[in-house]
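Chain lettering (A, B, C and D) follows the sequence in which the chains are written, and residue indices restart at 1 in each chain.
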Amino acid sequence: MPLPSNTAALPWADRFQAVRQRSLALCAPLAIEDHVPQPVDYVSPPKWHLAHATWFFETLVLPRLRPGLPRHHPRYDYLFNSYYESLGQRVARAQRGTLSRPTVAEILAYRAQVDAWMLAALRQDDVPQATLDLITLGLQHEQQHQELLLTDIKFILGHNPLMPPYAVAEVADIEPAREHVGEATAPLNWHEIAGGTHEIGHIGEGFCFDNEQERHTCHLRPFRIASRLVSNQEYMAFMADGGYQRAEFWHAEAWDWLAAEGVQAPMYWFRHPDAPGSWWHYSLAGAEPLPPHAPVSHLSHYEACAYAQWAGARLPTEFEWEASAPRLDWGQRWEWTDSAYKPYPGFKKAAGAVGEYNGKFMVNQQVLRGASFATPPGHARPTYRNFFHPHLRWQYTGIRLTRDD
Amino acid sequence: MPLPSNTAALPWADRFQAVRQRSLALCAPLAIEDHVPQPVDYVSPPKWHLAHATWFFETLVLPRLRPGLPRHHPRYDYLFNSYYESLGQRVARAQRGTLSRPTVAEILAYRAQVDAWMLAALRQDDVPQATLDLITLGLQHEQQHQELLLTDIKFILGHNPLMPPYAVAEVADIEPAREHVGEATAPLNWHEIAGGTHEIGHIGEGFCFDNEQERHTCHLRPFRIASRLVSNQEYMAFMADGGYQRAEFWHAEAWDWLAAEGVQAPMYWFRHPDAPGSWWHYSLAGAEPLPPHAPVSHLSHYEACAYAQWAGARLPTEFEWEASAPRLDWGQRWEWTDSAYKPYPGFKKAAGAVGEYNGKFMVNQQVLRGASFATPPGHARPTYRNFFHPHLRWQYTGIRLTRDD
Amino acid sequence: MPLPSNTAALPWADRFQAVRQRSLALCAPLAIEDHVPQPVDYVSPPKWHLAHATWFFETLVLPRLRPGLPRHHPRYDYLFNSYYESLGQRVARAQRGTLSRPTVAEILAYRAQVDAWMLAALRQDDVPQATLDLITLGLQHEQQHQELLLTDIKFILGHNPLMPPYAVAEVADIEPAREHVGEATAPLNWHEIAGGTHEIGHIGEGFCFDNEQERHTCHLRPFRIASRLVSNQEYMAFMADGGYQRAEFWHAEAWDWLAAEGVQAPMYWFRHPDAPGSWWHYSLAGAEPLPPHAPVSHLSHYEACAYAQWAGARLPTEFEWEASAPRLDWGQRWEWTDSAYKPYPGFKKAAGAVGEYNGKFMVNQQVLRGASFATPPGHARPTYRNFFHPHLRWQYTGIRLTRDD
Amino acid sequence: MPLPSNTAALPWADRFQAVRQRSLALCAPLAIEDHVPQPVDYVSPPKWHLAHATWFFETLVLPRLRPGLPRHHPRYDYLFNSYYESLGQRVARAQRGTLSRPTVAEILAYRAQVDAWMLAALRQDDVPQATLDLITLGLQHEQQHQELLLTDIKFILGHNPLMPPYAVAEVADIEPAREHVGEATAPLNWHEIAGGTHEIGHIGEGFCFDNEQERHTCHLRPFRIASRLVSNQEYMAFMADGGYQRAEFWHAEAWDWLAAEGVQAPMYWFRHPDAPGSWWHYSLAGAEPLPPHAPVSHLSHYEACAYAQWAGARLPTEFEWEASAPRLDWGQRWEWTDSAYKPYPGFKKAAGAVGEYNGKFMVNQQVLRGASFATPPGHARPTYRNFFHPHLRWQYTGIRLTRDD
């Protein structure tokens, strides 16, 4: 597990500041203009992320720490609520990119004020544990948006015909040099995992989301799981074998999706006009030839399944993945599993707005396990359950194969 | 299990004829005009069902029994293929209702010719077991379309402002009197099911679909499951309590679906202008006051989940359902489970076109268990896995609650 | 003007019966199934036309002739109102094809009853002139639906992969032999029309629609107009010259329409798999090789304009057309003009529901002049203003060129 | 005619600079973020306008003045072509708001470079008349985009929940004080215009667009035309009389548009939560109570027609408007006419890309006459033909009534 926890041991104020600072650092290389667009519904403007993560603290935490504080702005509740029905009306999600105001500077001022209020309270007060737990949730929430920030920035820059690079000097772990490294040059070995009962779900003192609980027993058959992710070169072999043209590898709705969207390669892949025989891709460093040994990325669940079918293998279930995790070198790509996102036995939604955090998304989505290049250090763990609709592919998603025999 | 098998013991020719005859009997009460419309994408014209089930035998079975037979019509392959990519191009699904030809009479002639060919072969030949297995699949396939036929007919008649009744004298088990019976008047008891490992999936000699295999072990926690389905009256209590207006009970995409579709009650429910205080519904007998003690029907998975949330309970997983099945009185409504439709461990797609039967639908759909009023006798079994997208509700779908404690 | 008036001289009851009979005759060759589909929004089910034209008499005329008569059926007002807002709610236009009931037989019974009521009144009464005028409007209305009936039938049969012919023995003037005749083999001459003022609009005693009035003065420049319509062969020369691939000939929204709809030829044209080098088309006689000298048909306004641009000519305005009409041999194709459908000076909407007949459509539509193969005898006249949206092409539409010099 | 020509008398370089400078001045009050969004398809990002107007000179003019000049940027041709098919591929119109790059600063640098090239040529060269004519077209084009700039800015700011004001100190004629002035407080008089022939279309030496030619004769009936525009107060009387709820005033497709879009008032009107009884609107000065005597603005053609119907009047044709222009005080609102946008007799498209300027839009659009608060000084004239689709209303559009009697 390559992502050391780097904030949990700090005093609360420092921990808060460390997480909050990273969001700013991720946006520091951007032009003001880059903070505004929403090129597709599921990609939010970077300035919206900066404001929304702040709104979480202002709306859910500050009233506990400083009852009676005025709101920073009377309309920000309407502008920056993401999806909490219990917290009132909000801008339609697809309209976020239509809003030029508040400006980036105004949002930075909003962050500064909320941070000042938060830090004053964290430094002086004897904060009750329940509130500290909520702050932890707020910081985890901000880290989730940091990953979305980076993938949304990549979408905005990478779908621009100019393909400008993202300069990333300020965040050491988000160096372009790390985006496409990986162990995919190594020979692919198969770890054999024994069948029988396995305990699944979070255990221990550390933070986890409600969807990682309750810990429970699963019965698994013996299986084999790949020691590394599928590489670009391996994926190109699937494409060269007609992978995108052969219905036998695809789910029925995946096949319709290919036709409707005209998909013929992973997201960000393109044919360079000056190099017709080879694939290029957009990386955070700009357009560049596709590195053959890097782990393939930016795939839908549909493509991951089709590749596995072609390879005579399958995707692991999330339970198989978790049972295998101690044997795996993971963290470079979110790994599509063949598990739908469903509540664990005994799952309980929290009371209040926080109860809308996870449970209400538990239909029609697929679980991804692991972490990615874009995941903040210390955010992931083997029981972490990420989830997306199966057609989405703007995250750093990849493939790990599994076999029954 | 209330649905006695009524054909498996017959000689093959009789078995074939018995199943095929039921399709005609289901359509016998229809006007010619009723065979034509496709009011929504997922409802096919009744004459299409009659032809498509026949096409299955003509395309997949007859070439084995009578190699070299000419096709009945050179274009029927194009017209009546449903979704088999490996069998060539076909009419777009949403275009089925645009086709007035072939006429019902021509399709009945098509059925008669294919039946004659099939019966001649079944009566005289020593048919190899692999072909008999394919014929069994064809008959099971026709039975599935018989259920769709009835629910599609109900949709066509029930969404017509005239709400004509469906006269059903010819099929004894499809009497209106049976549509809304049920044990929902009985007190609701909770069966306690022990935790531990359970064997899930089909076992034994009889037919099953590929998706019911391989049989495998599941580990379940102890749980309690309702002895009967939720009744109309119970569901009305949810509605009276603001069920459709309170976001807390709904999945996020369900909440959007309610708004987009204007859904405020189960399908076929309406307020009669002359009886504003009470609910009516369209049944196969025509418009009538809603029977309070009948099991609620025509719900989406979203509505089933929201009801369960409101009731402080949940839906069973398909594994819990199967483990409970020996204790349950089931068969009146397809019971939404909270399991996504996924392959069982060791699932293998068959070679050839038959491999497209189930596996390619294993994403974004929910499993239903049991059977319904509309299921042909002998078709269902406790390991049977029905599946639909979670927003669909024109089948006879219902709710059985489960609790952890 | 080849279409002799054949009913105006008859006694009213006979006149009524003659028009009404033609609608039945047009449907006589159909299968019951052909009466049901609505393959696209703008094509109505033939049985809907039969009912709607009847509803017009029942709703607008019979209350004057026989006050207090009960409605034939309490829901037919809802089912068969086309677009009259002042006459209450109605089935959404796009839903007409979802309705299998009332059956064709029930609609024929509806027609028979309304006809019996109408004829009884027409034979015995001293009907006031205002009511006779309304009956005239009802008969003209039915004739308009007769043209739509035939073009909708052609759409339904011609878009079916089986391309069944329409057998037309019962209506002498709708013989297949007449569909594609025309003077397009003749050399194309140019009639010179003098400039100056011309009187435009209906004059005289006969019936006209409100949109043909008031008669008014137009000032025209001298121009030349083609003595005959553009032929299939001429249109193929445009296609062979890259007509559908060269943006310079097309309106901007026409160019978008070509891409969105994939249009590359007139409606009903196709390449026969066994004759790849030549164009075929669907005619009422079934699929057949395109007759090169017939007037080109089934074009959108966009295509007519593009052809004219390519030919270095233009379409006439409706005023130019009307000024030229005495010199033209017209009646085989509706001729697209380059005039938008707008009120004439002094246009007044009638009071009541009849006021919705024409005026409310006077935006975003283009005027066509002349008549077509499908127009009932006696229905057209030189001042008649037909109108459709510019992308529609299922009517018998054609091209007559005009030049300034 | 209140808009004095202020540039035509200047030397070419000064004239060029004066027009170009106004675009920058219009954007000067904006935040960087305001240059980016495209909230609806027809509203372009302000930075796109700045670049596109520059691209026109770079692509169409500079190659004549300075053959062989390199392009400023190899991809700007792709990014900033609006709709010229003959000039190659381009970003889809609806994607303009997805592009954060080039930045505003980069676009200003683009403008500076093209301006430097242009000015150097204009100051030193003996520029051929044909090129000067093209430069004139480019400046007229830029002025058209200046009007769109302002109305697009109003849309972006006015649809933001924060409703920020637009600070306009830098452009004297775009002061908020002028936006809603007007003579609508004056009593409405009716000018009587004599019937007979009128000469329509541009005449004289000055610039005009191709669509204003050729000058030709129209025959008009006598009519009366209002001396001033309809006021907000008069429009509120229409609304208070149920104007938006009474189908009898509306075109059929307007009625559908009202329902589909939920339109119940002109654009930018809203009910203030603290003043429920009165209408407010968003003006460039921010949210403010609706000024009752200002000319009503931001109406669709549909709404203009419905108001006229309600008032027992009608809209003028564009020919009637032009014939009346010498009697009218116009220039505050673009006045919807009831004329479709069609070529004048003898209209000829120019050769080359410039030929795409007007002609290809001559279908399905309505002519507006006059000018508006947002029109650059000197840009309009009585023969000017503006045009938009009838449902659009983000321009400063208004109503002038006409009567036959």
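Note that in this section contacts are C-beta pairs under 8 Å (C-beta built on N, C-alpha and C of every residue); 3 or more make two chains touch, one makes a residue touch a chain.
In this text the structure is predicted, and so the values were computed from the model without any measurement.
The most distant chain from chain B is D, comparing centres defined as mean Cα coordinates.
One inter-chain figure worth recording: chain C and chain D are separated by 37 Å, centre to centre, where each centre is the mean of the chain's CA atoms. Separation between the centroids of chain A and chain C, computed from CA atoms only, is 58 Å. Centre-to-centre separation of chain B and chain C, using mean CA positions: 45 Å. In chain C, no residue touches two or more other chains. In summary, the structure contains touching chain pairs A-B, A-D, B-C, C-D. Those residues of chain D that touch chain C in the shared complex are 83, 85-86, 197, 216-221, 247-248, 250-255, 301-302, 305, 314, 317, 338-340, 342-343, 345-346, 355-356, 360-364, 366, 390, 404. Residue ranges of chain D in contact with chain A, taken from their complex: 31-39, 47, 75, 78-79, 91, 95, 97-104, 156-157, 159-162, 164.
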